[in-house]
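The structure is given below, and queries will be raised subsequently.
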Amino acid sequence: MGVTQLLFWFLSLLALISALLVISSKNPVYSVLWLIMVFFSISGHYILLNAQFLAVVNIIIYAGAIMVLFLYVLMLMDLKKETEPQKKRWVKLAGAVAGGSLLLVLVAALKKADLATSMTQTREGDIGLIENLGKLLFSEYVVPFEISSILFLSAMIGAVVIGKKEQPPKSPEGGL
Amino acid sequence: MIALLLILIPLLSGLVSFFLKKENTARAWALFSSLFTLAVSLLGLTLMNNEGNLHFKTEWLPDLGSSFSIGLDGMGQLICLLTAISFPIIFISTWHHVYKKAHNFFALMLLSQAGLMGVFLAMDALVFYFFWELALVPVYFLCSIWGGEKRIAATFKFFVYTFIGSLLMLVGLIYLQSQTADRSFDITSFYNLSLSGNSQNWVFLLLFAAFAIKMPVFPFHSWQPDTYEQAPTATTMVLSAIMVKMGVFAVIRWLLPVLPLGSYAYGETTVSILAVIGMVYASLLAMRQNDMKRLIAYSSIAHIGLMVIAIFAENKTAMQGVMIQMFNHGIIIIGLWIIVEIIEQKFGTRKLSDLGGLAQKAPVMALLFVVIALANIALPLTNAFVGEFLMFTGIFTSAVFKYELFIIPAAGLCIILGAVYMLNMLQKVLYGNTNTLTASGTDIRLNEKLVLGVIVILIIAGGVYPQPFLDLTKETTELILKESDVLPLLNK
Amino acid sequence: MPINYYIFLSLALFCIGMVGVLTRRNAIIVFMCIELMLNAVNLLLVAFSKMHHLKNAVANASAGGDGQLFVFFIMVVAAAEVSVGLAIIVMLYRNVRSVDINFLNRLKH
Amino acid sequence: MNALIVLAVSGVVMMFSGILLKQKNVIRVLAITLLFLAIAANTLALCGIQFFNIRLNGMLNFDRYALLFSNVLMICTFLLFLLSARDMEKVGVHYAEYFALLFFVLCGVVLVSSFSSLLILFLGIEIIAIPLYVLTGSDKRNLKSNEASLKYFLLGAFSTGIMLMGITLVYGSSGTFLLGELIPPETKPTTLLLAGILLLIFSMAFKVSAAPFHFWAPDVYDGSPTVFTSFMATIVKAAAFIAFIRLFYHGFRSFHESWVFIIAIITVLTLIIGNITAVFQQSVKRMLAYSSIAQAGFMMMVLLAMNTTAMEGLLLYAVAYSLSTIGLFAVLIKMKDYTFEGFNGLAKYQPLLAGTAVIFLLSLAGIPLTAGFLAKFYMLKAVVLTGSYLWLVITAVVMAAVSVYYYFRVIQAMYFKEGEAQPMEISSSFKWIISFVAFLVILLGIFPQLLIRWIYF
Amino acid sequence: MQNSLQIAWLVPFFPLLGFLIIGLGRKYLSKSLTGVIGSGTVFLSLLVSVWIFFLVKNENVHVAAYFNFISVDKLVIPFAFQVDALSSLFLLIITGVGFLIHVYSVSYMQQEAKEHFARYFSYLNLFIFSMLLLVMGSNFVILFIGWEGVGLCSYLLIGYWFKDNGNNYAARKAFIMNRIGDLAFLVAIFWIISKTGAVNFNEVFAVAQGQVEGKSFSANDITIITLLLFFGACGKSAQIPLYTWLPDAMAGPTPVSALIHAATMVTAGIYMIARCNILYSMSDVTQDIIMIIGLATAILAATIALKQNDIKKILAYSTVSQLGYMFLALGVGAYSAAVFHVMTHAFFKALLFLGSGSVIHAMNGEQDIRNMGGLSKKLKITYFTFLIGCLAIAGIPPFSGFFSKDAILLSVFEKNPVIYAIALSGALLTAFYMFRLLFTTFYGSFRGTEEQKSHLHESPVAMTIPLIILAVLSILGGIVGIPEVFMHNGEKLKVFLSPVIAVSTEHSVSHSTEYLLMGLSTGLVLVAILFAWNKYRNYKKITEKGFGKLLENKWYVDELYDKLVVNPILKFAGFLNNVFEKQVVEGLVNGVGRFVNYSSRQFRLMQSGQVGNYVLLMVVSILLLLVFQFYLKK
């Protein structure tokens, strides 16, 4: 039972627990925080897998940018816990059961998967290093990279279209 | 050439007719084009009666294994002649009928004629299916726009009913094509098919569903009386005189020769039993009808039933009987509809209970009506007698039937019942004393006299000297029967 | 480290996210749960990439790199999605003062 | 590649035109011209003339079929612009931006119709999806529109998650994202791969709105502005289909029998639910939403058959369905009242509009002489050729008969019912174009090979 | 050198011509012209028939084929006429009697309007045409054509006064009852075709006699065919169970009754069976059945006739009973006797009907004999001719009826004395009711209204001449059949018919017995007549009760038929129409539609509009599909 294993178990447990807290905590703000926790632990996993680039990006983009955005919006709407009406219990139950059994099915199916033996590489293998990835990205993956710019453009325009206030007020029930 | 013209003339003139704005021009145009078609079909029957003129084939959908191939054989000649004759008769007889948006009416009528011609001419299964549907659509509009008060529901029922049937047929046709040696829809490659008895059986069901609904065979008939009742009479004529024949025709051309084993398995047992039940059933119902249109509708069901049985008798006598009976029945029933139309126009009712004593007021009509009605019950020296006589003989002498001892008497019973309801109608309409409604009756107009006269002449001529018709359909019969002969297959 | 562990871990996270989507009514939380699912996927991708790297590094030095790049693109897309999504949610909030996903159901049947 | 770049550029151009140009007509004309250029560029590519020479590293593969398909979809969009671009003005103030977004969507369309790497598939689908979330909600003050876009967004994101999981599992088993190498020759399907494939099926089924993953479609189509509904229901759906089929045709065909049965189940469910539910609708718009689900059921048959007939058929089906639906929506937009009663007596006031509508409806119902019939015919034929799944074919045709029920309700309303269906003013150009579309539907109904033979030679 | 009989087509041609001319020109032809054409055409064919008759008499038999009516597969149905003894004889009867009745009608129908007068004569000519077709046809199909044709004409003529619905119902009844018989006839034809592949008499009979190798009838075939044919004859010739239409058929004009329902059409059945005697002789079963039915009909009709008061009804029933006698004769194999009786019966029954017509004419429309009486003074000719008719039908020597009836009775006696006894009693009944009719009508005091009394007069010449001629025929008609016992080489008719009808030469009964029987019957008949004389010499009204009432109501046979056959069918049809069609057939179709609508309404509920539920549904279906794929699928 080496350090790697210990770390692995620790991070996994951390991730799972905080994930559960994300979906269970009443107050949205707490959920956000727990989610950030999850992200951190996942980044830990990345490091464990020697994917440093992703680890960093994950922290920066997710934990940094996106989650902050979420928090910002939440603050903007300052939603208290009581403002979120709870679903009926049976719906919740059904949801939990469905998700749980889906997990069971997948796990059961993949348990006997033929790569039970195959290992993944931890703590070495330099593919995850920023240099290699950069090379790869700008040699072979340049086309998708450019394409993703289109994605961003559209997202940007979209945000503008949606976000800007509409000048001429219209009846809420307009046919179109 | 001829074959192509038979489709093109009504098609194009129909499209043209959409743009004729004046009612009378449209009417005259329709009449002219239908007469032209008739002339062409007569030409094909006499002068230009050779392969080159009667068959036409051109590349159409090569990657689907279908080519636009149409042609006239004896049976086609006969039934196309019926189609060609019917339309002028219909137009003339309803000459004084006023339609709103007449140009559309006549356009749709001509289009339906084109569709029908196509069905009868098609020598390629896909083309056949195309026209099969195309003939339906104009009729749907005709009935729904110009029909009676309950028209929309009735017509819609009719449309969906037949549409389901034809879609099932489509599946069957596709399957057959996928089984052919050269992956082609051509009729010859269909005739060369030899499927296993098992698959033949269910394909038979698929195809027969469409035809049975069209004809219709009991218990798929429930659309017919309503539709006939609701449709404008001109359309009813098309429906009952020609469209109904599509089913019979299709069984002869596309079912029997293609699926001999299937026909043998079902035709001689289930189908013929159904048909014979239908005959008796329809005749009994006809006895209880008070509306002339419904009465005639049921009587037509009974007659069709006999044809169905005769087809599956699978011998020359019966087959030829069926073929000329298709023609004869068409002629007769058009005559009946014309009478109904006249009466409805005059007195605004079709109820037997409201009519009576017309023989005093309209002797000419009475005479013609009597002749046509008697033809409908197959009195000798009328054309229907020949057909029914041959069909009965064929059924009786048929080698294939399993239950003929049940079929013959039941079918025979309809001869009697037919007399009952037809004479009843004659009596209620023509005889007895006039009532307040009919007292004001007058005799029929010249155009009606003309068409009814033509019809009566055809009836008598076909009844006294049917041989030409029989010679016409001889070859087709032999071909069909050769293809549909099961005995070698059974021996295998 | 056996790959199965990673598979199960990320499946677990994935399903937890799914359960969140199923059980919560706050649009933002639901959206967050979806992000959680994406992260589970990312983790698994990285694990797989390393697995393949282990397998084929000899043949191809950059083996498995594509997996990690895919993660990168997922993050990109996620960012874009978040911007639009939050914009939509905000717009909705503006109009109805609520982010309850079940608040609006004029469109039904 | 030509089209992709032209489209991306024109998207950017439209974005700026929103700031520079004020007259909407100018914007519209600009957009239409740009799209025309894109089509021209793509057509040239189809004739083998490439403007740019870019190393694609096997991520994109502009084969004939892909080019043709994207071309066809762009032409449909072109017609849509001609018919309904004017009506976008009523949606909101960001007229130019809408065009920009549509252009970006078209980029996605080109991508998904020519991808050969799961990465591109993912990006393409997102590029299609994200602008659509926006367009759906573009009618901002209309709560229906808001609701629609929220639903679309949440469900879409969710399905993205599932798709990513699927991709990951597939990657796990194969170690690559390139379609060609996903399944090494002579291997048995591992559970991992199979699970991935299934998850991909589910997510793609969501994109093409196939039951039981169709729930978003009726609400979104109903809620979003009709112009964009017409765009989504036709071009986007067709694009989703080409993505779906491309993925499975080039990716997983060799394991066909191991996943095809799931497809069969989905197909039947789609056919039944789509058609049956459409029967009872009161609003034509919503009816069309369900009918689009039903039509998806027929297109799913391609995945069942996976033979050349099916691929040819898909092309024809996409065109037939798109043209008819676009035309029908174009008519619908002109109406004041979207319920069936709203159409009562339309034939009296607008015979041409009614007549073309009839052609479109007949085509959707699959009556011969319209493209719709041959499209359905191809599908049925493709499935029958496989020799199995006849029960499915029978179900399909019965459901097609059911579809007649709701399509003809419109015809009945227009022609046989008395009413005061006064549409908005209709320009003569609109009349010409819609007649042209109707003509196309008929033409393809008689000579489909005008379209199909482009796949070869 | 083709046979001169080839022009036999002239015979039916003339009436057809008349039919067409009169029918088409009925607006333009004057009554007198119509009459001339109508009768003239028949007269022409009479002449031709006579000429043919003499040709035939010189052993010139010929089948004149004209064209192929139908030729399908191996079945060939020529349109051909068979001219031989039997048909030529019938030609004479039909054209002869037909001509007389035409002439009679000209004045009888005078008061009709022009068009209707023409209509009447066109129908009449059409009838003659069909009847000729019937007897001349050289195969079963042509025979059948005529067979149905005469049925049609009788339908048209019974319903001639169509304003009165009673007549129409009678006409319909006649046609449908005939149709029932015709069906049997048709089936017989099919049967024959299926066995022989031919319909020509000669071929069929040749097969029956085993002269054609390869084809043959089994005994059953013969029996079934003959029975079916006989059933057809029952319809046409009004035998049990299909006889009830004939009395109702009296609704038609009297000359029609005379021509169609007494002289010619109703004897078609006898003709047909006589024509097929070769077949019938081969099946004893059928013969016995025919015998029994014939006898039963004869007696039944006679008993009913006893209590009828409508002058024409009485004659109608007597016709039925006489037909019964003919069938009796056929049943015992005395075909020529039957034909003989057909001939004589044609004479005296036509005479009686025409006489009654003249009476009705005089009483302007009155038909109930209870309101007549004492007419002998006013209508001398009518009276005498009528008397002759009665004597003839009663079978008093030397009137024609005596010989024909005697021939029948004799052959019955040869077959079986008991039957003979019954038949004889029937003959007595005949004598009785005929003379009841005679006495009540012409004797006693006049019981009609004053108005009628003043109106009484003898009919015009055009009506009396035919009466007289027929009377003469009724007296002398028997000569052709005077039996051997009276004069050497008698029974000319039998000899004449021998080529068609094989003659059984040996006589089982001695001449003495024969005399005895004749004496017996004559004596008894005279007794019966005397009995009638003192009972009805001067008639007084009495209300019938008990058995009399039963007879007066014709044994309630019509009511029975309604109860057993007509009403059940109508009820059943009604049930099908109102319940089965609506509920089951329609119900199924509409049910499908309703089901679709219903399920549509249910499916809509899935679209709850709540994202949460959508996701849940999606997840669940993912779950199920995965489970299916991984665990359920084999």
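In order of appearance the chains are A, B, C, D and E, and numbering begins at 1 in each one.
The working rule: a residue touches a chain if its C-beta (ideal position, glycine included) is under 8 Å from a C-beta of that chain, and two chains touch if they have at least 3 such contacts.
As the structure is a prediction and not an experimental result, all values here were calculated from the model.
Common neighbours of subunit C and subunit E under the contact rule above are A, D. With centres defined by CA atoms alone, the chain at the far end from subunit C is E.
Located most centrally within the structure is B, per distance between chain CA means and the overall CA mean.
Averaging Cα atoms per chain gives one point for each, and the point farthest from that of subunit D is the centre of E. By C-beta pair count, the most extensively touching chains are A-C.
A separation of 78 Å divides the Cα centre of subunit D from that of subunit E.
For the pair subunit B and subunit D, the distance between C-alpha centroids works out to 43 Å. Inter-chain centre distance (subunit B to subunit C, centres taken as mean C-alpha positions): 66 Å. Subunit B and subunit E have Cα centroids lying 37 Å from one another.
Taken residue by residue, subunit D touches two or more other chains at 119, 123, 126, 130, 133-134, 137, 140-141, 143-144, 150-151, 154, 158, 172, 191, 195, 218-219, 405, whereas all remaining positions touch fewer.
Those residues of subunit E in touch with two or more other chains are numbered 604, 607, 609, 611-612, 615-616, 619, 622, 626, 630. A complete list of chain pairs in contact reads A-C, A-D, A-E, B-D, B-E, C-D, C-E, D-E. If you check the complex, the residues on subunit D that touch subunit B are 312, 362, 367-369, 373, 377-378, 380-381, 384-385, 387, 390, 393-394, 397-398, 400-401, 404-405, 408, 412, 415-417, 448-449, 452. Against subunit C, the residues of subunit D that register as touching in their complex are 118-119, 122-123, 126, 130, 133-134, 137, 140-141, 143-144, 146-151, 153-154, 157-158, 160-161, 164-165, 167-169, 171-172, 175-177, 218-219, 222-223. Residues 3, 7, 14, 17, 21, 27, 30-31, 34, 37-38, 40-41, 44-45, 48, 51-52, 55-56, 63-64, 66-67, 69-70, 73-74, 77, 80-81, 84-85, 88-89, 91-92, 95-96, 101, 104-108 of subunit C are the ones that touch subunit D when the two sit in their complex. On the subunit E side of its complex with subunit D, the touching residues are 596-597, 599-601, 603-604, 606-607, 609, 611, 614-615, 617-618, 621-622, 625-626, 628-630, 633. Within the complex, the subunit B residues that touch subunit E are 157, 161, 219, 221-223, 281, 284-285, 287-289, 315-317, 320-321, 357, 359-360, 363, 374, 379-381, 386, 389-390, 392-393, 396-397, 408, 412-413, 415-416, 419-420, 423-424, 427, 430-433, 465-467, 470.
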